[in-house]
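A, B, C and D are the chain letters, set down in written order, and residue numbers restart from 1 in every chain.
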Amino acid sequence: MSVSPATVILQLICPDRSGLVSELTGWVSANGGNIRHSDHHIDAGAGLFLSRIEWQLEGFGIPRDAIAAAVKALADRLGGQFDLHFSDELPRVAIFASKQSHCLLDLLWRVRSGELPMQVPLVISNHLDLESVCDGFGARYVHVPASRDNRADAEARILELLADYEIEVAVLAKYMQVLSGSFLERFPTVINIHHSFLPAFKGAQPYHRAWERGVKLIGATAHYVTEELDDGPIIEQTIAHVSHRDEVSDLIRKGRDTERLALARALRMHLCRQVMVYGSRTAVFA
Amino acid sequence: MSVSPATVILQLICPDRSGLVSELTGWVSANGGNIRHSDHHIDAGAGLFLSRIEWQLEGFGIPRDAIAAAVKALADRLGGQFDLHFSDELPRVAIFASKQSHCLLDLLWRVRSGELPMQVPLVISNHLDLESVCDGFGARYVHVPASRDNRADAEARILELLADYEIEVAVLAKYMQVLSGSFLERFPTVINIHHSFLPAFKGAQPYHRAWERGVKLIGATAHYVTEELDDGPIIEQTIAHVSHRDEVSDLIRKGRDTERLALARALRMHLCRQVMVYGSRTAVFA
Amino acid sequence: MSVSPATVILQLICPDRSGLVSELTGWVSANGGNIRHSDHHIDAGAGLFLSRIEWQLEGFGIPRDAIAAAVKALADRLGGQFDLHFSDELPRVAIFASKQSHCLLDLLWRVRSGELPMQVPLVISNHLDLESVCDGFGARYVHVPASRDNRADAEARILELLADYEIEVAVLAKYMQVLSGSFLERFPTVINIHHSFLPAFKGAQPYHRAWERGVKLIGATAHYVTEELDDGPIIEQTIAHVSHRDEVSDLIRKGRDTERLALARALRMHLCRQVMVYGSRTAVFA
Amino acid sequence: MSVSPATVILQLICPDRSGLVSELTGWVSANGGNIRHSDHHIDAGAGLFLSRIEWQLEGFGIPRDAIAAAVKALADRLGGQFDLHFSDELPRVAIFASKQSHCLLDLLWRVRSGELPMQVPLVISNHLDLESVCDGFGARYVHVPASRDNRADAEARILELLADYEIEVAVLAKYMQVLSGSFLERFPTVINIHHSFLPAFKGAQPYHRAWERGVKLIGATAHYVTEELDDGPIIEQTIAHVSHRDEVSDLIRKGRDTERLALARALRMHLCRQVMVYGSRTAVFA
């Protein structure tokens, strides 16, 4: 990944009107940017224009440090909001886990193999079980006991850690704890993997309930976390076939693969800035 | 299909105990039956044994007319319930439709091409739109207006038709009407296609709600109809990928393919007696 | 489909260089075009830039009749090639069939239901079997016997028909005949459905060979036809699961569904001008 | 896994004739065996009967040590061949790897999480790269340099290791070396993962060739190894969607997931004795 030439990635959402594609790409080109990807989406119902433009940093006429300010002026003119990212900056991500290792390990492996452009300086867990899993991956494992009774304290401690480690994204890799609205206000970029095909089987024990319902497919959903449980914008969904032969334990086993895949794909698309959230939905330019 | 030698298909459910596979297959063999398929499933939690045995009619020692009585004695001994079917008998099926043609047409085509071993002497619809669709397929099209206000009358008329035409199975091919519990008591074998991945989006307008929720996969579910809406035993589920580019109308378009496939597969498996219902679940020996 | 406002769709391929996205979209906007979709792809290895831009016809400053000339001047300046299409023009498509009806019928249905924006004035077959299938769909069915011995004559007759009926696209819906290179030179836009997951099982009897090989998945491939058999640019591929229980006849049955889906999707994307061919590959902006 | 009561699994292949299901299951029951699974398949073309019967060890009338001899007598009587397995015996498996870690790590994780009922005392590699990957998994890592020039010596060394470690199954987890016919004669049970949808792209660099061909789906195939390269009986195949945006490196990345899944599923089915090989095909009772 690091061998690709560095690029600038702009994500912008603004009210739709004629001429926006041309105006945005014209601005990049006028400043000497060599555009590599240019994706746009109009949500006619919402009256919104979404744009993702990626261009080479080398040769761009505006100095790296000044790009954000220049883009802000552009976005203000369009009445829009933006995110700006440089592909050679690896975001600092914290992984939250509980007792199940499969998603945590899968993400750490993918980082090591170069599939996920990020750093993982911090792993937070409400249990001690997975400490050894992180060995050799360079992440500090911090045990923050969490339960319904001490949630406020635990979240305060976690927010402190996220600040200390300068974390940009939190990934709930089977964390099994609900984060409060006040937590999310202070740290909004959280990606979760839920072990069902949302909106089916929100909440606890989806595999048990899927078995009882007798479904023929199970699923997993990676989504941004919002205060409303299992209701945030969906990034990716995967499924697996099941049959009457499968016990709940088989659903759990098969589900681990769909969970790992959905979470890894969603996170990669997020890190590559291919996901744009608007309202309760996402546009995914992949 | 008609060229395969005729077979006898026995489906039996009884309390589980040791020796049942041997006892059942031994009974078939002892009577000269050449077994072609033998599938069994034990639901340990429910304490149930499910069995599907298919053997060649030719050479079987019990006369065709006497097989049902002999099987009944066997099932009684095991405290079980059974269904018996001869593969050379084409069940008489009624298709229920409303205004959308895709499932109706798909089923008629599959019958003609030999994919679905059944006859369709009767098509019932609460609208006139699809009458011409049935031309050339040999089915009588009967218009039975149905609305919330006249449901009892409409259902009475439909039950009459089902009796007159000696219908064994009703298929709701996008019928869009709810059947009452009393209807189902009198005519229990009804297969429906619901245009969502149940239990997500039960009820009305699942594609609109799927679009609003921003899912990345849509689905269709073929299931046996029970009094509780969209809650009957699931036979087959299919999915299709969607993206932010897809409007509700695209979900509807893509959904038609998943609906057709799920319904056709489920119906074929039902007709081939590969589906066994127990409690709210199915075992599918396919 | 016809209710959407008419759009202009430009597909352009040219040598890659900096500034092309901006230049193309700028040209559209400068002429008053309200862009609805703007998709681009750079094939770095081939040094090619591919672009698909769709804008509203209403309000565009260049008169409909003059757009092609204006675009030609633009494309010439960029050293590129282009296709121009108006969404309110329904292309005239000929479907070629042989004895199997499933793909032919599926396409005719989809036209009638509004899924495929095209007209089908002509169906060509080397057999008489499917004539009645076309009843009620408004297509003329022309029987052109074809075999290895009379291929030149048959192709001459077909080219005449394609000219007479002003056909733009030919779709081989299980036509089972090879078209010669000289035919393709004179009529190049031909889409075929091959009943395997290309490049596996090129040529004859792919299902028989798939069964013998013992594969666990079968596939279908919709592709543009080139002189080299089963080697043209791929538009869409679909798969179906098979098991040891499936005989060759089951593969053929299951395959019909994958064939129908792959062909219908590919054709729709072609008609919506979402497919661009370059070299032996396609970019699909869907 | 270890908590399930131990079972006996019998796999038997013999010439087909009437009465076999009854005879086999009758033999189990007559000896007090409580059958949990009973699956059979008749290959009419080959005239073969395949059977997999699984029953509880506890309560079975024949002593564990004597079951093999008793089954042999039964199989001889039927002119068949059999495999016998006890579910509480964990087979000793050697994993062969080269430089890529994803399949090796995936398998080790699945063993640790209880998904794969096996032991891995030995990892063989022709490179040193992955030695540290095995840390903490209890496998000895043995470096056996292998190239075209020293194949005979390398294979001799490997056969020695397989014997010393009492290995029953070898899994080629991206081993990238061809095993000779004489090796396979002496150690026949070898499962390989090939990174294409066989029979497409046999041999070297399938992802490069898939990219050049412009396919829309890539695949992976887990199969038993035979002397003929990439031609052995297929156990499992998986696929992933690709688009024109994907470079060869993206195909390789996406392919890793399909490879891991296909290999893990195939190996699990092999270990659960759900796979039966006959001729160049497999029956998979899963």
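In the analysis below, a contact is a pair of C-beta atoms (placed from the backbone, for glycine too) under 8 Å apart; a residue touches a chain by one contact, two chains touch by 3 or more.
The model shown is predicted, which means the values in this text are computed figures rather than measured ones.
Trainee: Which contact partners do chain B and chain C have in common?
Mentor: Correct list: A, D.
Trainee: Out of B-D and A-D, which chain pair has the most contact pairs?
Mentor: Top pair by contacting C-beta pairs is B-D.
Trainee: Taking each chain's centre as the mean of its C-alpha atoms, which one ends up farthest from the centre of chain C?
Mentor: D
Trainee: Suppose each chain is reduced to the average of its Cα coordinates; what separation in Å results between chain A and chain D?
Mentor: Chain centres of chain A and chain D, defined by C-alpha means, are spaced 36 Å apart.
Trainee: Just the number, please: Cα centre separation of chain A and chain B in whole Å.
Mentor: 41
Trainee: Which parts of chain C, given as residue numbers and ranges, touch two or more other chains?
Mentor: Chain C, residues with two or more chain partners: 245.
Trainee: Note which residues of chain D are touching chain B in the complex, please.
Mentor: 18-23, 25-26, 28-30, 33-40, 42, 59
Trainee: Which of the residues in chain B come into contact with chain C in the complex?
Mentor: Those residues of chain B that touch chain C are 101-102, 105, 109, 113, 115, 132, 135-136, 245, 253, 256-257, 261, 286.
Trainee: Which of the residues in chain D come into contact with chain C in the complex?
Mentor: Chain D reaches chain C through residues 41, 43, 197-201, 212-217, 219, 233-237, 239, 243-245, 280-284.
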